[in-house]
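Which chain is which? They are A, B, C and D, in the order written, and residues in each are numbered from 1.
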Amino acid sequence: MKCMNKHTDTISEVVATMVQGATNWNTELTQEWLQEYVDDWVSFYRKRTADGEVASYIPILEEANRDHLGISIVGNNGMTVRSGDADIPFTIQSISKVLTFVVACMERGLSYILDRVDVEPTGGSFNSIMHLEISRVEKPFNPFVNAGAITVTSMLEGKTSDQKLEPFYELLEKMLDYRPALNVDVYESERDSSMRNRAIGYYLLETGFLESDLNVTLETYFKQCSVEITIDDLARIGMIIANDGENPANQEEIIPRQVARLAKALMLTCGMYDASGKFAAYVGVPAKSGVSGGIIALSPSRARDETLPFMSGCGIGVYGPALDDKGNSIAGIRLLRHIANQWDLSVF
Amino acid sequence: MKCMNKHTDTISEVVATMVQGATNWNTELTQEWLQEYVDDWVSFYRKRTADGEVASYIPILEEANRDHLGISIVGNNGMTVRSGDADIPFTIQSISKVLTFVVACMERGLSYILDRVDVEPTGGSFNSIMHLEISRVEKPFNPFVNAGAITVTSMLEGKTSDQKLEPFYELLEKMLDYRPALNVDVYESERDSSMRNRAIGYYLLETGFLESDLNVTLETYFKQCSVEITIDDLARIGMIIANDGENPANQEEIIPRQVARLAKALMLTCGMYDASGKFAAYVGVPAKSGVSGGIIALSPSRARDETLPFMSGCGIGVYGPALDDKGNSIAGIRLLRHIANQWDLSVF
Amino acid sequence: MKCMNKHTDTISEVVATMVQGATNWNTELTQEWLQEYVDDWVSFYRKRTADGEVASYIPILEEANRDHLGISIVGNNGMTVRSGDADIPFTIQSISKVLTFVVACMERGLSYILDRVDVEPTGGSFNSIMHLEISRVEKPFNPFVNAGAITVTSMLEGKTSDQKLEPFYELLEKMLDYRPALNVDVYESERDSSMRNRAIGYYLLETGFLESDLNVTLETYFKQCSVEITIDDLARIGMIIANDGENPANQEEIIPRQVARLAKALMLTCGMYDASGKFAAYVGVPAKSGVSGGIIALSPSRARDETLPFMSGCGIGVYGPALDDKGNSIAGIRLLRHIANQWDLSVF
Amino acid sequence: MKCMNKHTDTISEVVATMVQGATNWNTELTQEWLQEYVDDWVSFYRKRTADGEVASYIPILEEANRDHLGISIVGNNGMTVRSGDADIPFTIQSISKVLTFVVACMERGLSYILDRVDVEPTGGSFNSIMHLEISRVEKPFNPFVNAGAITVTSMLEGKTSDQKLEPFYELLEKMLDYRPALNVDVYESERDSSMRNRAIGYYLLETGFLESDLNVTLETYFKQCSVEITIDDLARIGMIIANDGENPANQEEIIPRQVARLAKALMLTCGMYDASGKFAAYVGVPAKSGVSGGIIALSPSRARDETLPFMSGCGIGVYGPALDDKGNSIAGIRLLRHIANQWDLSVF
């Protein structure tokens, strides 16, 4: 039995799993051996799904199976470990914010985007309007809260949502070698139910932040959230961002280096809603979550890993639709913490 | 002439200096050569001091020379580069928050501290009371805003401020091989002028966060802020934290590994007041600033540096008392950005 | 020369005009004599229009003539004093909030409405979303901030905006003996430009406060704001509310007594945006303003007036489109203060 | 049986007791008859004390008897009705804010005070610091929230708390014909426990609002709150304010007319903490409450009362230490509502 005996959520247990320094892993570890570990951890943390709830704010998301938990890890050498419910497709939701940010930067240039959206954590929840009003902000706090993400989406080129999303799909296709599809049911459910996002949209329109027609922007936003992917996809995207936007297999630049590195910084400081600070402290890797239960995480290629060198520059996809009260996968976040600490993935 | 010609503060200039990937440094670079570069950069960024103002909220800090700018860098191999106004002693101010957090964790255990102070960025300014009240928080946001720092100080062991600070001084002495002294004038000036901190203190007292007598806590807090150090000291402290709390010269553990790594995460997400997100994005290394104009920064030993390998695990001290409107050294932050980008120090 | 020489806006001038107690008016004052006074005061306060700005948030309102100032006063004995620009039609804007509140109470019963909208001043501006989110309110603060007014409008009976507004028009007709018309240009301008109100609407929809379809509710709201009236109309409506909803000429009950009295209380505590407290303190009568520059004010019939007995139960309409920074008619508010103090109209 | 059968706190019951217009009181009502009514009402509303809690934030206040309820009414003709627990002395607490405001205005002039404290309701709780910070206010919201009251107290003339309070005591003596005493136990309990007020004090000191030494100001503030009075005293003070500051028995001016009238306006808009709007709407008379369970209320002499003419210009004192969640006497507020509605005291 390789995993530790108890995992609870108290601070003392958090500390117990926090990285103590490299365990003396036998560097001859084969992929099979890692697989065995990960299987154990997944089955252990699956119990934590009972403490969370699937998202209810979009009706169709409630249909997810609360017990699901799956993980996919791709090293920069192509090595893959998959475990648990690894084949369930789900919608990308807020994880799309990383990609539209990347696309907008590629289309407009980094300066243009950063002039219009800040990169500061908010201390507040992802769907807050208050934080815009209370602080009389000059620009939305960051591209990963809804206000900032909708602003970024409004800056995508194109007149229609399909035009705006074409480069987003192209980027996905370049990374994944297939073109993910829109889940039309989820899209329609979001479009018809997400009143808070419409409120944010009108607020942004009134304050002059939006650069496209509001309806087109929201349509685009709801569509980008409703693209269906798998944890293998997330792992692969994460691995490419981890390697500064470059495909390590052929050195092709898919995302400009500057943009990829900025995306990693944003993921670390703002990626996990208002638990981003805790995730940075207790897990220590760039990540972004979505309310469907997905998390993309990665170990930057710069972070030296003495024990498992092929884990530098790895990407990780997690799926676990039972959420905690911040909107993050309750079991997924614990599974990531455990793996990051065991394999010493933290950038710090 | 090695440095670039223009450095302004617009987003497009920020982007221009953002890391593009390793410059092809000649790895035979000698310390002398680095010295020449750094001298150039310091003299360049010194001009930016004219855009800032020395701190005025503590009267005695206003006496600082606005034009000063100095930097000290210590590699984990002991190599040192110093430039500019490197010999001016100044008070440590908020940088002390890193050290009292470390000491409190060593005394009480990490779990005890994390149960009582959160590790989330606030999105607000360092001296905010509002953020406690508005969010009905269970615990102060993080140890680096004043509310959290005062709470941490209240958890230091001892009945008097001198008892409480003895382990703080001992830690400094262990790292620096000398015992820094209190600047009594600054201490008295802070004690007599910092009404906002007293307001925060009484607020914390009323909400039950404080674990020591308020007056003793505030006395301790004002004293810890008034310890006089130099940028060489900051660089050395930074280097030890960078190396997970270990002195690389003799492998002695000065700070427990877990605590040092958590401190680095906190510095990255919360270290630069409400510009922490921008610093993470544009500079990308753990850092902490103080209103006297000091900044401690470091490159974690895990961050691989292909070009200047001895810079992995380096510590940096900066002094530049002209501050921007967030309270960070206006020239210091730009100098750090330039160096981090040229030498590729970002963890991302 | 009857009016005082100087009227500025400093606190000391406010105090100078504050009620000192009954001037020794000759009770034989004729309407002609009052007319002469009012003419003097209007011409005096017209100069203050230069300090304000016409509303710009709805494009068409910018076309108003900033210099206009007019007043109409109707005593409960039918005596009328009119002065200045008394014949300019203008849209009723936020003053309609008083009337939709009255209509909703008549349709649904007072309890139903008060269960769903509070009657507390907010301390914030009329178009705030933040105050809903910051305070996690159970119901919008009051019917006179936009969030509360839109909620009230959603409670009007009927499926379409025209059905919903029919009783509103009927009430106006009963009070005015004619049916005011919608200013279609203003309505379309509001409908197409008021993004903040749409943001509020979606926020209310998401939090479950709205009782009708959002688009119908907003259409109704924009229409109710765009009804065109004159200051004579406002004076007459004010006079009826002043007399507890009864037409003093024939004792007909137009508005239920309870509703009329509650409306007066709301006007006093919440009627003048975030200057309501100052208006209560310095003028002391129930009033409601709108961004087109109208103000309705009244002296409750209960307030004994020793000097000008026929002024108990009077209604006042003011028009002056130059606004102060709170959104109130800058000259109108001063003119009202002067008259209320000279004629001792304050309820206190 | 004269009182109605059921009194609950739902909105529909509030409405049921809301003023419907003058009951047909026999104007020959003797004091004895009124007494009988009031006795009935007091015994009825005493049951509501079970729904409240005595104040706990100052330890000594917890010793109050939760079941107590008493009322004293003084007409401007000297007629008195007393009922229930009318002889319990209690500390004046926040009701003192009315009197220090009056004294400060008498000492400094109204303009001076109004330049430094606003007269706007806040929408927030009485002990909020957030509202100062969030709104970047130029001056505290009003003299009846703690921040404004402490600011007013700092403006009282004198170097020591006793010097500052001498005119406050003199005013009380002039109105009551005796000099109330400080309850030293309560004073010491407040002084030693009210950390929130100290936090507010330091906040005000830092923002430059305070005009006296902070410790002297707080000492004065805690003393003014700890003066012991009875409901007869409150009724008499209320009656004098109701009559514009004049003793109706001998026409002596005790409080300048302007100041008395402004105090009444402030009581109506800001007197009952964050239930002030509801009190204005449902009761409709100027009032001020304190956390010891006292309420001072009054019917302005201008408010005509057709049925009980001697009730125009009456003052009312209530004591009922069981508080609701806003800090107001839970039974007292209902008793006042009932009486105001039955006797038609509302100013509206």
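Convention: contacts are C-beta pairs under 8 Å (C-beta built on N, C-alpha and C of every residue); 3 or more make two chains touch, one makes a residue touch a chain.
Remember, it's a predicted structure, so these values are computed and weren't measured experimentally.
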Subunit B to subunit C, fewest steps along touching chains: 2
Subunit C and subunit D: spacing of chain centres that average the CA atoms, whole Å: 29
Chain centre separation in whole Å, for subunit C relative to subunit A (CA means): 51
Interchain centroid distance [CA atoms averaged], subunit A/subunit D, Å: 55
Shared-contact residues (touching 2 or more other chains) in subunit A: 134
Chain contact topology (line, ring, star, complete or other): ring
Contact pairs between chains, per stated definition: A-B, A-C, B-D, C-D
Residues of subunit C touching subunit D in the complex: 10-12, 14-15, 18-21, 109-111, 114-115, 118-124, 131, 134-135, 141-142, 244, 257-258, 261-262, 264-266, 268-270, 274-278, 280-281, 284, 286, 300, 302-305, 312, 346-348
Subunit A partner contacts - residues on subunit C that touch it in the complex: 128-130, 133-134, 195-196, 198-203, 205-206
